[in-house]
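To start, the structure under review is shown below, and the notes come after it.
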Amino acid sequence: MKKLETKNRTWREILHEVIYEADTRQGKLFDIILLGMILISILLVMLESINDIDDKYHDQLYIAEWVVTIIFSLEYIVRIISIRRPSKYIFSFYGIIDFLSTIPMYLSMLFVGTHSLVALRALRLLRVFRILKLSRFIGESNQLMVALNASKAKIGVFLYFVLIVCIILGTVMYLIEGADNGFTSIPRSIYWSIVTLTTVGYGDIAPQTALGQFIASITVIIGYAIIAIPTGIVSSEMTKNKVNLNTQSCPNCSYDKHRDDAEYCYHCGTKLN
Amino acid sequence: MKKLETKNRTWREILHEVIYEADTRQGKLFDIILLGMILISILLVMLESINDIDDKYHDQLYIAEWVVTIIFSLEYIVRIISIRRPSKYIFSFYGIIDFLSTIPMYLSMLFVGTHSLVALRALRLLRVFRILKLSRFIGESNQLMVALNASKAKIGVFLYFVLIVCIILGTVMYLIEGADNGFTSIPRSIYWSIVTLTTVGYGDIAPQTALGQFIASITVIIGYAIIAIPTGIVSSEMTKNKVNLNTQSCPNCSYDKHRDDAEYCYHCGTKLN
Amino acid sequence: MKKLETKNRTWREILHEVIYEADTRQGKLFDIILLGMILISILLVMLESINDIDDKYHDQLYIAEWVVTIIFSLEYIVRIISIRRPSKYIFSFYGIIDFLSTIPMYLSMLFVGTHSLVALRALRLLRVFRILKLSRFIGESNQLMVALNASKAKIGVFLYFVLIVCIILGTVMYLIEGADNGFTSIPRSIYWSIVTLTTVGYGDIAPQTALGQFIASITVIIGYAIIAIPTGIVSSEMTKNKVNLNTQSCPNCSYDKHRDDAEYCYHCGTKLN
Amino acid sequence: MKKLETKNRTWREILHEVIYEADTRQGKLFDIILLGMILISILLVMLESINDIDDKYHDQLYIAEWVVTIIFSLEYIVRIISIRRPSKYIFSFYGIIDFLSTIPMYLSMLFVGTHSLVALRALRLLRVFRILKLSRFIGESNQLMVALNASKAKIGVFLYFVLIVCIILGTVMYLIEGADNGFTSIPRSIYWSIVTLTTVGYGDIAPQTALGQFIASITVIIGYAIIAIPTGIVSSEMTKNKVNLNTQSCPNCSYDKHRDDAEYCYHCGTKLN
């Protein structure tokens, strides 16, 4: 009885190792196959959304989608079985995404019109970040994350400021231009001011009056200078990271900030550790 | 008599502390409630500007707007009462904004068509910056402000240069393209050149002739390189700030902002800790 | 005879000092008046280009323009008289601009249709840079100029690279999209690729085919990363300038890179010069 | 017999030196002439693509194109002859481009409709980079390349992240907006999200629903902050390079790229000059 329990736990442990971790050969293989399945499932959703292709190959796509759905369902079940506390997975970020990308296909059998929700499967692409944790990219993206984390608060203040400017500008333009020139409501005017200040500029709404164009011009020039701010924040953060990268100090004169590949102190010539 | 005056002054002082300052619990509470009221009032203005919603809930919105207006009016009166020199508040930046965001509702009873000016209430959002002074963001935005202040003059020269380029470019394009291709006047051409050089590019006006497109292409490529300038200015300013970040102060003259590797005060030569 | 010549020379010297230099009070006054005249002349040209205003005030604008023209003509003549070698001024950059901004008005009396060339007067705005040399902005713009000069070659290589990419991309899109989708010729396709890669994106020409949109998407993402290059160049140049700004070294330990306002060496505490 | 072989080799060696290298006067001359021919051939292709010009000068352009084609064919043949292992050239990057830019003209005699492929000749512009290797620009572009190479991995991670965001955003917008508002398929929605996030914003597809505009606004503001990342990467990389600019090499181990204030070699500890 005890042995069976041990064996059972071991079996679950093996599954857990394969599915949740990536140190072993099987774990890596599982991740690569999963990545391939996700890419295929997204390709299917894309192809189905193109009318011409859907008309021609509707049945094949439908079958392929069911195959993918069943495989994802099995994966979902195995994930729940192989973890000790299933609720920890089910209510995790990736657990919810996995659920949302599997359920629409079943729902489409019960309710008409819910089939298009299958496109939510694209969210599974996020798991790629999880899988790539094992790749050599981790170092690169970690360094990025450190710089972004450090400048998070500053960029937050900046975005908050941009948002307030956009609300005020949108309101002012609503008063100046009015519904006749496309600024039909304040939220829509704010949408315009965001699209303008970020230099996207669709042109679906554009100022028509002379005063509106004048204000838009000034805004746009100021916005042009504003774009420098987040860049400056991240740049300075990354430059700082770069300079401080090597923190070892010379055992003789205790000078620091050596090159990463330095073997001797640049100040006194002592051998570094 | 004297006591009553003292009491009166004290009562005014308490009000002043609650309304104008934020150190006490009541002061913070007042600021949070005010912030909420401002957000509600802006939401009301937005909802009212959307035709569908205004048609359905016009009466409710109208009543809610009057409630907000009366509360803002009371706040305005209390602000005037609680300060020793009312003129100092009335003609201050925030005083004028508070007035402009309260008066349109009263005006709309006297004059038809002034109701839409209620949207000026969005300007009150600026007070958020005032209120947030007390938050933890102050450090972040201050650092930003220092960098922006330091690079103000340089960005000014840059914007001035961009403006002159836009005026000349606008005039040249007016001569080349002419009224038939949408460049109906020089100010409108300048509007186009500003929208183009800042890479917004609405497309409501676009060069049609081969020569116009050629000049636009060259401009746009140069503008692409120009965008690097304000970014470079702010980046270098922020990087510089980083180097000066060291906050230790000299034990003798209490100057701060020493280099990180400084051993002696740069001002008085005292050995630093 | 000799005295008259001396007097004549002195008279010319005084004029030269007032017009070409700005150290004296008269020189500054002349510059300010000239700046005002230039701004007025450009305002006149702008107003005249707006149909509504031109219809109403055509005669007044016409007279005002002749007044400005005559004043500019007088200035031009005085500039030639007061300089020892007139050819040096006439064929200089500013001399040609001054000529081009004065002559169209006279030409418009002889030839019909040349009147619109009066708009060339906007080029005189460039003289503002000359005049501002005397202002406090000189330091700021000089520092900018140093950084831009230092990164000129690098930005040149970059722009050259962008241009080649645009030509190749334009040609490829011409083959893919063809005349039916707005890519009527290779130069026009190149115009599109420049407008796209610089993120202006008018939308007057946009890819319609699936393949064209796919290539445009990739280009645009690469261009998004490319925009980082000129910014990086200028940023690093300006950062370098900032750090090297103070080149004095300590007389005792010869450490350099002191703060601009340092009075004592940060390394050994010796008084700096 | 042996002598003839030697002579033959020498003759091929001379040709090889002229065509493939640029140290000699003939080599430089050949490169300049080739550069001129490439520019002329591209100009011809451009002119031919403009209908008005092609209608007028069709015969002259056709003859000129044949002249260019024959010269390029001769160059291609000589390149093959003068190299010891022709396959090394034929299957090299430039070899394939040279072939692709020569063959369409011959194909157009056999198959109707392939003439427009002549435009592939624009690819030869890439050879300019090869030729410019000998110019003074090499230093500048090399420095750029070093910085770009160093930040390649980080920019790769960034672009990968942007792409995933675009796929998810495109799918979400496809669900929200639907085919009626221009988001006819998921790939097309992804095209829209790429065009939007990179701030190009053609406006050929733009969100129409309130929810779509709300999501677009948020995306665009986040994208505005994201644009700071690649810039920060390159900026910090170039700033770092600047610090390493010192070109003195160690007298002992000849390592270079020492810190500017280095006194001892970081590799072998020898005292630097």
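Read from first to last, the chains carry the letters A, B, C and D; within each, the first residue is number 1.
Keep in mind that, in the parts below, a residue touches a chain if its C-beta (ideal position, glycine included) is under 8 Å from a C-beta of that chain, and two chains touch if they have at least 3 such contacts.
As the structure is a prediction and not an experimental result, all values here were calculated from the model.
Novice: Looking at the contacts, which chains touch chain B and chain C alike?
Specialist: In this structure, the chains that contact chain C and also chain B are A, D.
Novice: In terms of residue-numbered contact pairs, which of C-D, B-D or A-C coincides with B-C for over half of them?
Specialist: Selected from C-D, B-D or A-C as the counterpart of B-C: C-D.
Novice: Can you check whether chain A and chain B touch via the same residue numbers (shared by over half) or via different ones?
Specialist: Mostly different residues form this interface, as fewer than half of the numbers used are common to both chains.
Novice: Approximately how many whole Å separate the CA-defined centres of chain A and chain D?
Specialist: 29
Novice: Roughly how many whole angstrom separate the Cα centroids of chain A and chain B?
Specialist: 31
Novice: Rounded to a whole Å, what is the gap between the Cα centroids of chain A and chain C?
Specialist: 42
Novice: Go ahead and note the Å separation of the Cα centroids belonging to chain B and chain D.
Specialist: It comes to 43 Å between the two C-alpha centres.
Novice: Would you please write down the residue numbers of chain C that are in contact with two or more other chains?
Specialist: Expected reply: 158, 187, 199-203, 227, 231-233, 235, 239.
Novice: Provide the residue numbers of chain D that touch chain A in the complex, in ascending order.
Specialist: 153-154, 156-158, 161, 164, 167-168, 170-172, 174-175, 179, 184-187, 196, 199-203, 206, 210, 213-214, 216-217, 220-225, 227-229, 231-233, 235-237, 239-240, 243-244, 258-259, 261-271
Novice: Considering the complex alone, what residue numbers of chain C touch chain A?
Specialist: 199, 201-203, 231, 235, 239
Novice: Which of the residues in chain A come into contact with chain D in the complex?
Specialist: Of all residues in chain A, those touching chain D are 42, 45-46, 49-51, 116-117, 119-120, 122-123, 125-126, 128-129, 137, 140-141, 143-144, 147-148, 155, 158-159, 162-163, 187-188, 190-191, 194-195, 197-204, 227, 230-231, 233-235, 237-239, 241-243, 258-259, 261-271.
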